[in-house]
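As written, the chain order gives the labels A, B, C and D, with residue 1 at the start of each chain.
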Amino acid sequence: MSIIFRLDRVMADRKMSLNELAKRVQLTNSNLSILKTGKARAIRMSTLEAICRELNCQPGDLLEYSPDDENTNE
Amino acid sequence: MKLLGEKSLSSILSKLLHVLLYVVPVASIFIAFILSTIFFSDLKEDPSVSCYAQFKHELFSDLKGDDKEWQEMKKMRDLHPAIRVLAISLLGVYIALLFQIIRKSKLIFDNFRNNIVFSHKNVLILSGLTKLVIIFSIISANFSSLLLGIILLILTDILKNGTALQEEHDLTI
Amino acid sequence: MKLLGEKSLSSILSKLLHVLLYVVPVASIFIAFILSTIFFSDLKEDPSVSCYAQFKHELFSDLKGDDKEWQEMKKMRDLHPAIRVLAISLLGVYIALLFQIIRKSKLIFDNFRNNIVFSHKNVLILSGLTKLVIIFSIISANFSSLLLGIILLILTDILKNGTALQEEHDLTI
Amino acid sequence: MSIIFRLDRVMADRKMSLNELAKRVQLTNSNLSILKTGKARAIRMSTLEAICRELNCQPGDLLEYSPDDENTNE
């Protein structure tokens, strides 16, 4: 997966814990973990919106695309 | 009325099947006892000797009451012993199938009660149940249970499709 | 064997139901004709006069062959005319229900053949079908079709859940 | 919806048509339209990755969060 979810970085900047964020965006801790560890297959617009609102950031701060090896081999 | 979840039709059915799970073995032992009495015994014993002989005596007196039924029973008693053993074994297979069908149905309704609908476990249980129902309908040459089997076959596929969707949904945060 | 989609069990069932959709009305007209002949006619007509009278004569001769059946039929003929009309109307309701059940089943299997499983349309058709099956089972006091009704009731809810998931899935790009 | 999908802007920059992009990221035209018009409820990581790869951009170029009115009223 070459889309990386940089939630921990932004959370560290804002000094917010996972529990706190989960409560604010009304997600379960386990769902937020799935997102953080990059196991999520898709992200809801509503989730992205809630996270951006609570962390006061842009989607660009959270999501990062890095062309991985298999891509450069093409 | 709710159909899935706590206090729903599924939970009622689950409880009903739980009761049946105990009723079927008890009833089948009783039926096996009566049938083997009819199939494999004669009337020469003195009814006053033992409780069992007395029971047999009363059973046969009851049967003699209705002439037609008695003739049917007598016909069975006149069959070759091997065939009689086969008939009893077939009945055993029937009861075992029925027991398994009830057990698997209960598992499914338990999951439905707990709001677990689209899961791999349910697909496995249901596909097993479907096979059992189809075998049962073929053995008993019962058209309506074959119809049930076909509906369950399609239900299994629907559940399989739904499980794929549920998986996607669970990983969409 | 495939269960959903083109050239699957669903498409076979859909074709079968399509045939039944024509067979049922024809058969019901035939049955209604025979029953009204039995219920509302007497035997005084001369069989040589008309084709219809001859048919009636043959029908009753056939029935006289088996004594028991003839007694049953005669009992019906001896009933009050109002009850006889009621019996015929009940049969009409039966056939209308059966026709609707077959029609709705065909619609469902058509959709399954086209790989449309979780959709609002299917939920609507299936919930209608479920009601018809339950009404049918109550009118005919048939336990096995009531069981079918309960299974359909739960299937409807499963389909409803699946439709919600499908909607989410369709909007997840 | 305060998450805006800025696909048309990036596409215009890269001079790529909707049909071309749909073919490259293996989506149907209608699905890409749903995404473009903001009707999508969620976005797959694989879709986001494919679009970033083909348009040679970052998710931040495509997605934008703008706090809307109802938010400021809170």
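A few comments on the model shown:
Assume a contact is a pair of C-beta atoms (placed from the backbone, for glycine too) under 8 Å apart; a residue touches a chain by one contact, two chains touch by 3 or more.
Here the structure is a predicted model, which is why all the values come from computation and not from measurement.
Among the remaining chains, those touching chain A as well as chain C are B, D. One finds 56 Å separating the Cα centroids of chain B and chain D. Each chain gets one centre point, the mean of its Cα atoms, and the points for chain C and chain D are 52 Å apart. If you average the Cα atoms of chain A and of chain D, the two centres end up 17 Å apart. Residue positions 168, 172 of chain C each touch two or more of the other chains. For chain A, residues that reach two or more other chains under the stated contact definition are 40-44. If the chains shown are joined wherever they touch, the resulting network closes on itself as one ring, and no chain has more or fewer than two partners. Remark: the chains found to touch one another pair up as A-B, A-D, B-C, C-D. Interface residues of chain C, counted against chain B in their complex, comprise 3-4, 9-10, 13, 112, 117-118, 144-145, 147-148, 150-159, 161-162, 165-166, 168-169, 172.
Those residues of chain A lying in contact with chain D across their complex are 1-3, 40-46, 48-49, 52-53, 57-61, 63-65, 67, 71.
On the chain B side of its complex with chain A, the touching residues are 168, 171-173. Touching chain B in their complex are the following residues of chain A: 27, 31-32, 34-35, 39-44, 47.
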